[in-house]
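In structure tokens below, several structures.
The same chain A turns up in both complexes below, where it pairs with chain B and then with chain C.
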Partner chain A sequence: MRNLSIQAHLFVFKLTYLVLLIGCFGFGILNAQTSFDIQAFSDSTKYGWQNYLDRATYREDITNRQNLLQLYELEALPLRTNLIKSAVIPGWGQFSTKNNSKATIILSIELVTLLGSLYFYDQAMVNYNQYKTATQIDEINRYYSKAQTPYQYAIMLLGLATVVWGYNVFDVVISTNEYNANLWQDIMERQKSSPLQITPSGLEWRF
Partner chain B sequence: MRKILLILLILGALLVSACGLKRSNPLDPVGNPALEIPGTPSGLRYTTSGSGPGTKFVNLTWDSNSSINTDGYYIYRSLAYFNTFAVVDTVLHINGNLTQNFIHSSADDSTVLPGDYWYRVSAFKTYHGGRLEGRFSEPLFVRLP
Partner chain C sequence: MQGLLILLIPALLLVLGGCEINRLASAEDLYNRKKYAGAIGELDNLIRIGKNGAIVTRAELVRSNSYLELGRLALERKNWNLATRFFKLANSEAADVELGRMYMSLGMEAYQAGDKELAKLYMDNILREIPRSSLIPEVRLRRISIFMEEYQDRNAAWDEYTKLYDNFPNNAYEISARTYIMQFIRTKIDYAQRLIDGDYYTDALKELFELSKYPVVDAQEINKMISEVYQAQAEEFIDDQDYLEADRMFKIAIQYFPAKKTEIDQRLESITSLYVQKGMSLLQDRDFDAALLHFNKTFEIIPNYEPALAAIRQLNQTRENIQRAAQIYSEGESQEAQLKYSEALRLYNQAIALDNRPEYRNRAAQMQNLIEATKNPTAFAQRIINEYRGGILLSRVAAKRAELMKQYKQHELRDSGWKILLSTGQFKYEARYDLLSPNETFLYVWQVNLRDRSIIPLNKLSEALMQ
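Entry: the complex of A and B
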């Protein structure tokens, strides 16, 4: 008798669970169908075109922009590469961004300061070696003074070279960003002005 | 931008002021304050051998330095005031004497001949790094007949 009662309760419970489950699914499906707006989905004017001609023009414009973007990606200078170039040889990155005057000035200053620093360091070491072996008090003082002055020039020039190198690295970031920003404008101009176009897929002649 | 430039200038000044050459000479009194600089010999005077045949010599005498900073003396000679002076001999300092003495004789050195010479003297003190030589005395003109 008791087992029968348990089975009845279990059956009622299962039935309730099934009804609730079906109810949830049914409500979801009905609700989904009512909220989906098929007319809004199929409305072609939402993208800005009013007819098929507009749509075709729009598509052509997108295709052109994609081509230009590919061209931009081909011609744009990667910042990291330019940074490494300028870090290795100051001014190299600026040469790549077509800032030839600035690049020449940076490279020249860097060469002059480094070579000057090397020259004064060499002078300092000649006197410093004599200082190290001197035994007479006047000679000790004289050679030390003669070594100290060119050594300070060498350090100053090395400091200047470091400052110029730092500026060069800082400048190449700005130069590269400017170059890439102008490049897009330049590509657009070229595209408009010339009937002969360079595209990622090759040359194209427009009539 | 100005702040960056200012920082760079300060860094540069620090770099320059911090980077002096090391006083690595073991005989440099600036790098080794324990070293005593030998005093400059003073009161240098001379007598010479007479004219005529025989041994020629120049007898140099000068006032004694303090034995605290002097172990000996270098004797230099030159043919002119501005010429290079060459060491002719080394004399050890004799404690207790008021004057020190050196005889430059043709008996020991064949270059001692009649003529005009310039002599000067400097003191030295021996340290573990070598001999630290002090300043030179004023050159003394000597005419050897």
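Entry: the complex of A and C
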């Protein structure tokens, strides 16, 4: 009866979650369906370029940035690779993004929980094997109950390991994005302070 | 466990979906599927909220390409206004090329249809919106033709041509444009000639120098005119006796038109004597360097020109005399310090003979005074009084005395006569003359400086007598 009640609550929670997800997508679709104003869409001053000079200034800026994209591509961390890294070894992706403390914590928790789970599972299996070979009813009951507790611990620790792994995967996406965003800023700063400048007209050495 | 996975997987999908790189990929996908407006919408959002500058930059590039494609679509549908807006929004080199082509095509259509004003409007658009376009030379040529054929505005056509040549010399369109300019270039040359004739040399040179830069004039002809302007200016400098500047102008004139060398050389030869005259005048003013410069200038025209050589000899002699005079004068000062006045006077007179400077003359006069003052100071003081302004003091005192004699009897009037007394200070004496009557007293007194023969009245009565 108690199990049924928990399952019902869980079902309601999942349903609410799915409704919210569908609601979000639906809002996006509805939002995209609003009327299209061609005048506003084609307004040549909508990006703040009032005349040729404004456009030329913007163009010079984007050309400079475009020239830096190659550097960025060389140094940036690919999200997919980092995701796979962290999925295989939790914290590996975070190490790549130089978040060493976080990576160490994730890896440590993951190792402790997995090893703990294995340990308790092993304990449970020892008692379980004894339970299976036991012939006396007292022994059967005793070994069974002795196998139950470590098994539950093993399951709990495995669950915790799964949650940490999940968080680790979630976090590596955020970390990689942050790392790449900071990398771009760093490249821009390096470019500004470097005597060798990449300009629309080519390379320029500033004394 | 299953429940946890159900929660984690959509959350991960949401996070991944919200990733800037995935949003960019999504927009690129829309672009590739030619859904440009949708791509632009996505990209605008991404650019607005994006934190990763690299992704934002890539988004801006994709957005630019999307606008470019939209512009091309509008162009296909002959929606010029929309195409223009999209190309401007694309804001790229490729978009500029498309926009320029569109303006040019529309401009040429209007031109051929006879609507030259509209054609010019399109050309103006290219100049204003796409000043770095490769179409600029052609645009400038079209504008020149419109200025000439539609507006008959030669000045505007000339301005346009100068811009065309300055930026694209010997470009095919520039060469074509020359035919339009040749139609009126003669009037510009004639205008420059009128300026020369009116003695507006600076304006004439400005016109001629501008004309000389462009291949639409006969360079030889323009250089000859420039040479004439410099020659005319040289003549003005001769009139003002500024021969060095005249010489400079003549030389510039030859540089611009070497064929005039013989003519100008002859003219210079004819004015060499003027150089010597000017040099002599400068020598009188003791401006030796400038004088020498003028004398030497003549040798560039006539080597070893005898009058100039003689003038230089005179200049050197004068310099030598001046130096010698200064030396003798200095010796005289030293003799004077030793109170050897006669020797000092002799040396000062020698210095004057070599260099007749006022300073030397004054000093010699003072020395003469000192010598006389030393011999007999009272007699010398009396002589100074007697000779003062042609004897004015003596005559006025005598007149005063005669006036009193008319008023009083002789025994009532007491006359002291001239008395010369030693005063305070070296070589200073007092000259007195007293006239006493029963009712009036006239006491005249002056201080006489024997060194410089100056007389100072010592009371108001004496001062009034001197006036």
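Here are some notes:
The rule we apply is simple: the second predicted complex is superposed on the first by the 130 of 207 C-alpha atoms of A that agree within 3 Å, B and C clash if a C-alpha of one lies under 4 Å from a C-alpha of the other, contacts with A are read in each partner's own complex, and residues count from 1 in each chain.
Operating definition for what follows: a residue touches a chain if its C-beta (ideal position, glycine included) is under 8 Å from a C-beta of that chain, and two chains touch if they have at least 3 such contacts.
These numbers come from a predicted model, not from an experiment.
Contacts of A:66 after superposition on the shared chain: chain C is touched, whereas chain B is not. Contacts of A:128 after superposition: chain B is touched, whereas chain C is not reached.
Residue contacts after overlaying the shared chain place A:161 against neither chain B nor chain C. Applying the stated contact rule after C-alpha superposition, one finds that A:106 touches neither chain B nor chain C.
In the superposed pair of complexes, A:138 makes contact with chain B only, with no contact to chain C. Once the two complexes are overlaid on the shared chain, A:152 sits against chain B while remaining clear of chain C. With both structures placed on the common chain, the touch criterion links A:173 to chain C but leaves chain B unconnected.
In the superposition on chain A, the chain among chain B and chain C reaching more residues of chain A is C. Note: residues 159, 163, 166 of chain A belong to the chain B contact set and to the chain C contact set alike, using the contact criterion stated above.
Residues 124, 128, 131-138, 140, 144, 147-148, 151-152, 155-156, 159-160, 163, 166 of chain A touch chain B in their complex. On the chain B side of its complex with chain A, the touching residues are 8, 12, 15-16, 19-21, 23-25, 27-30, 37-38, 122, 124, 130-136.
On the chain A side of its complex with chain C, the touching residues are 10, 14, 17, 21, 32, 36, 38, 41-44, 46-47, 49, 52, 55, 58-59, 62, 65-66, 68-69, 72, 76, 79, 158-159, 162-163, 166, 169-170, 173-174, 177, 180-181, 183-185, 187-188.
Across the complex, chain C meets chain A through its residues 1, 3-8, 10-12, 15-16, 19-21, 37, 40-41, 51-55, 57-58, 60-61, 64, 82, 84-86, 88-89, 91-92, 128-131.
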